[in-house]
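Sharing a structure here in structure tokens format.
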Amino acid sequence: MIEIKALTKSYENIEVLKGINLTIENGSIFGIAGRSGAGKSTLLRCINGIETFDLGTIKVGDIDVGSLNHEEMRVFRKNTGMIFQNFSLLSRASVYENIALPMKCWKYEKKAIDKKIKELLELVGIPEKIHSKARELSGGQKQRVAIARALTMDPQVLLCDEATSALDPKSTKAILDLLREINAQLGITIIVVTHEMSVLRSICKHVAIVENGTIEAMGTTDKIFTQRPQALINLLGNKEIVLSKNERSIEIFYSRGNDQILTKLARELEIDFSIIGGEIESLDENSINSVVIKVDSKYAENIKKYLIHKDIMWRELFPQDAEVDQ
Amino acid sequence: MNGELIESILYYLQKLIIPSTFITIRMVLSTMIIGIAFGFVLAIFLTLYGPNGLNPKGRIYSLLNFLVNTIRSFPILILIVAMGPITRMIIGTTIGEKAIVVPLSIAATAFIARLLENSFLEVDKQLIEAARSFGANNLQIIFRVIMKESVPSIISIMTLATVNYISATTIAAAIGGGGLGAVALTYGFQSFNNTVLYMSVFILLLLVNITQFIGDLFYKKFL
Amino acid sequence: TSNTGGSTPVESETSNKKEFTIGCMPLNEPAVQEIATLMEPMGYHVEVKVFDGNNLPAIALKDGDIDSLILNHLPWLNTFNNENNSELVMVEPYMYASLFGFYSAKHDSIEEIPDNASIIVSNDPSNMERSLEFLQKLGFIKLGEKKGEFYTILDIEENPKNIQLVEVETTATASSFQDADGSIAFTSVMRNAGIDAYSYIAEDGKHVNYPTSLVVNKGNEDAKWVQDVMKVTQTEEYKEKFNEIFQGAYILFSDMK
Amino acid sequence: MIEIKALTKSYENIEVLKGINLTIENGSIFGIAGRSGAGKSTLLRCINGIETFDLGTIKVGDIDVGSLNHEEMRVFRKNTGMIFQNFSLLSRASVYENIALPMKCWKYEKKAIDKKIKELLELVGIPEKIHSKARELSGGQKQRVAIARALTMDPQVLLCDEATSALDPKSTKAILDLLREINAQLGITIIVVTHEMSVLRSICKHVAIVENGTIEAMGTTDKIFTQRPQALINLLGNKEIVLSKNERSIEIFYSRGNDQILTKLARELEIDFSIIGGEIESLDENSINSVVIKVDSKYAENIKKYLIHKDIMWRELFPQDAEVDQ
Amino acid sequence: MNGELIESILYYLQKLIIPSTFITIRMVLSTMIIGIAFGFVLAIFLTLYGPNGLNPKGRIYSLLNFLVNTIRSFPILILIVAMGPITRMIIGTTIGEKAIVVPLSIAATAFIARLLENSFLEVDKQLIEAARSFGANNLQIIFRVIMKESVPSIISIMTLATVNYISATTIAAAIGGGGLGAVALTYGFQSFNNTVLYMSVFILLLLVNITQFIGDLFYKKFL
């Protein structure tokens, strides 16, 4: 369990973290989102002990990160992999050397290193780049090397700072599958800082939203995305929904059990509406999807009643986060 | 007239220049090998304990820094004198080709250490952080990250220092060490013998250019 | 020979050795080479070591790093012995000395030397002292009490013509002499630089006091090899050769009167 | 108009671009997507003339990029802004100095520079960071400085290499709005390299997909996303659609005119189905949205007939790009 | 005895050490100002035309490179002699404090140019590309990108070179330039005067430490 209490951190005169409180269960995949400059990377670096902090405590399991001596810190970090936002690869070293570095530092045998690197490069999809220099890689290739490097030590905690931001959708999916897999199989705790909502929704059980150095919203991913706290709205911005005077827009949430709600709604109330937005991840397990419909004002009340009756979650988007046209 | 010149060139070449060339090469190589070895060690400590270092330790750094400054502030001839007893202890004599290597390598150690320290400080702090993040210890960071990233810079420094000490071995003249610089100085300049002067300077120029050329080759290779 | 008590093993070891080193400086190196050549038929191997001329060869001799020197003159050697508690001996008969002249590229006589004239002097202390005494003799300056081992510029008490002294490395007394109103230099240096050695406009006449000869550690002066060196230097063959090389820039002691 | 013909480029022994042919209209926003390492960044750098190429021609307007002399090249580049994937900021210079650099190089007056920088920093949302050093910025802040710098010279062509990858959704939206605005108002041509499909769909009229050094698909964004060429499928990866034996999955495309197609379909055929995926950007203008429905096999044929009858675009997802479960 | 020592220290301090200190400072400052000015110019050309430079021009680079190597291969005393005619042309004489500055600054020019070139080559190529991308010309890239990013490195180089030339001015002894090194050598060591020797070396050490200290301050400020 990772427990962060009242964490405060300043750079010179700027207070970047202003009392962060956070609890992350062992073996979970925890997402952290927030606007650019909110302090996400700083938070991750504090957890890892590569950045000192001013006040508060960080506990990872039994370990109080703030009070480790040099040697304890090394062992702690060995068990805490980190993927840096800017990759931080040795530009002059080859892909092999970059990935081998942690293992060499921990005196692994050459054979074991070779094997591990081959495996990891296969997993991240660039086995042919093994002898390329890091600075000869494309952005996404660099990122994948950084991911591979963070996985070498089979860490118990993995900190991912925008680990898929430079990747195409298919590679992103592959990496997320990989993360999900190591989480499930090895039970490692993963903290994912990301700007991609789809990443949060597809692999994180819990999400925290950092705003200006504090945690403004926290909860299960479903809860956050259905309840849409102000922090999330601030993060996502207003959807530009174009409504005329006599139109309403309603977001309807559904999951596996009630996935046919939309057609039923249309047929039972005998009305037509259009789908103007939505976040549909998948229908497996307990993920929650949403669809935004636009409907004639006169049907709005009926629809709401129907949804309440059917015990379906819904939210009217206007006026909070819709801009009315004309 | 011309034939005479050629004859005298050949004479000096055989008697003076060629043997001195070997002496110079020997002196420079010894100086550089020792200077590089100790220079690296010293640079590592400076990088470790420096104010922007991996493990800042003001006291130790000040001491080492002062040591380097002290060596570098000594005019080389005075350094030769000051190091006399130590030179005798190590080499058994204070004159000749071997004896000059002691003060020269001490000077080279300080010079190279300072150059390396400067270059090591230039390595991207984020890389050091990344290495920390998987538990590399300070020495591993120095050897596997800082040095690795500094390879071209290290090569430049080695080249620069070698070139420096090729002409610096001239000071060997003071203690009868010989070598091209000494020949240029004593047999050439001080004996007003221009043939010898030009010849030895020409060979020095050649050695410097070869050194730079080899250095550049390595640089290109490891860029 | 006795090996008991205080008698130094150095003596017995070196007394009949056939290989030894002579230190010298570039100026007199040809003369020393000549010694080496002449001693070869006698079964000696003489290594000539050239130094650029300062205290270090004498220190090396004192410490036994070399066997002998033909480099410094007698007054300097005495000071060195005083300062270093050493017992270096200059073996007699003395070999040669160099004349010390006042040269000028700009003026034809001492009287023409103007006020504020710049005069080049050698920066090594004993030659500096000799230069200062020379200048005193010429009436340019008056020296006070000696502060250190040698007279230095600091000891000048009166300098009515406000002479500017420029202390340079010995070679530069010749190579740079046209840049000043005058230069005090050895005839040997001047000749080597291709300047007429006897073109000086004044001479200090004290060369008899500044002889140079083979210098060895005390106790060695009677060794066979030392005596053999001296023997060689006194041969007519050597003297002829010597004069041929230096053309009067160095004057053999035996030629002086 | 940017015209690229048979462009070939190798790094040592790797052929990175293998005969690229591309035509981009003046004043359009053109998207380029492709898997990591496909050669997108290299292509952009060739267009800008900062990378030489082996064969082929690149024409930007009347200018043949390959044949410019030094001075012509400078003027050409002045008019061609570029946002680098790795930001490429002077780490030791302040935000102000970084953004001022192009203007200083072109000898703008101090006053004009100050004014422009203030404006741009407002636009990218980090006016308070004006005096911070570049290396003290967060990832997203760096990216915004890079964007601001690329806009200083009021370029006629803007090359954006992953210009929003480090940005949160709201900042992304702001930047995209900005790009759209300068495109509309000043008619500048924008090439957008991105991994984010939502970026492509929301601002690009045309899209090309680069695969392994060649352009494998090109066309209007709508066309590409409705026809889903193999290149797009390769890029996006297979959607994990879980279908049982007696289920079919159909993707239905709709736009403003026929936005109520889904409810009509359900009501007129009197069937229920569930929505299991989709890409819904907005209903404005002529953007095309899609929804993936899952339906009982027995209704599939009827649905298809109905859609054909109504002249609605559709595709059956199985078998090409769906994995059948069990 | 003690009183005598103090008296003689005061005497030498006033008569010899303090004036020489000013001479040394003047020589070093002149050497560094000229060396830095020309060194920068030369480094800029080397960076422009070098094989990894902004506008590679093999011919010109080879020439400049050879020039730098030539200067650096000359033993400093020989350089002083070789430059004699040029020195006389510029200063009007080949002896004295001013005359020594000519060869020393030529040597410093080559030394600093090489150090700067090495450091300029270390600047991230991507930054140079970015500057190209908005049409910066080569000189702008050098001044506004390469130099800007090299500021700490440039400071280190200036410090290193200054320290180098503080003890290198000892060579001034050869042509009547004076200064602390010369005093240490002739009035101290060769005159068997340890008081003067230690005093002048001590002041040299002080100057070097002050230089390094100031350099480190600037370094910290511009890091």
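As written, the chain order gives the labels A, B, C, D and E, with residue 1 at the start of each chain.
As a working rule, a residue touches a chain if its C-beta (ideal position, glycine included) is under 8 Å from a C-beta of that chain, and two chains touch if they have at least 3 such contacts.
In this text the structure is predicted, and so the values were computed from the model without any measurement.
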Task: chain C reached from chain A - shortest hop count over touching chains - done: 2
Task: For chain B and chain E, chains touching each - done: C
Task: Maximum inter-chain contact count - chain pair - done: A-D
- [ ] Considering only mean CA positions as chain centres, point out the chain farthest from chain D.
- [x] C
- [ ] With chain centres defined as mean CA positions, report which chain is farthest from chain A.
- [x] C
Open item on the list: How many angstrom lie between the centres of chain A and chain B, each centre taken as the mean Cα position?
Closed with: 54
Task: Intercentroid distance (Cα basis), chain E paired with chain A, Å - done: 55
Task: Centroid distance [mean C-alpha coordinates] between chain E and chain C, Å - done: 36
- [ ] Please list all residues of chain B that touch 2 or more other chains.
- [x] 77, 81, 152, 185, 189
TODO: Send over the residues of chain C in touch with two or more other chains.
DONE: 54, 175
Open item on the list: Touching at least two other chains at once: which residues of chain A meet that condition?
Closed with: 86
TODO: Please list, in label order, each pair of chains that touches.
DONE: A-B, A-D, B-C, B-E, C-E, D-E
TODO: Would you pull the chain D residues touching chain E in the complex into a rising list?
DONE: 45, 48, 50, 70, 73-78, 80-82, 84, 86, 88-93, 97, 101-102, 104-106, 149-150, 152-153
Task: Complex interface listing, chain B residues touching chain E - done: 51-52, 65-66, 69-70, 72-78, 81, 111, 114-115, 118, 121-122, 152-153, 156-157, 160, 163-164, 166-168, 170, 181, 184-185, 188-189, 197, 201, 204-205, 207-209, 212, 216, 220, 223
- [ ] Note which residues of chain C are touching chain B in the complex, please.
- [x] 23, 25-27, 29, 49-54, 56-57, 59-60, 63, 65-66, 170-171, 174-175, 192-194
Task: Residue ranges of chain E in contact with chain D within the complex - done: 55, 124, 126-127, 129-137, 140, 144-145, 148-149, 151-152, 222
Task: Interfacial residue positions of chain D with respect to chain A in the complex - done: 11, 33-37, 40-41, 85-86, 126, 136-141, 143-144, 161-162, 165-174, 195-197, 234-237, 240, 242, 254, 259-260, 262-264, 266-267, 270-278, 280, 282-284, 289, 291-292, 294
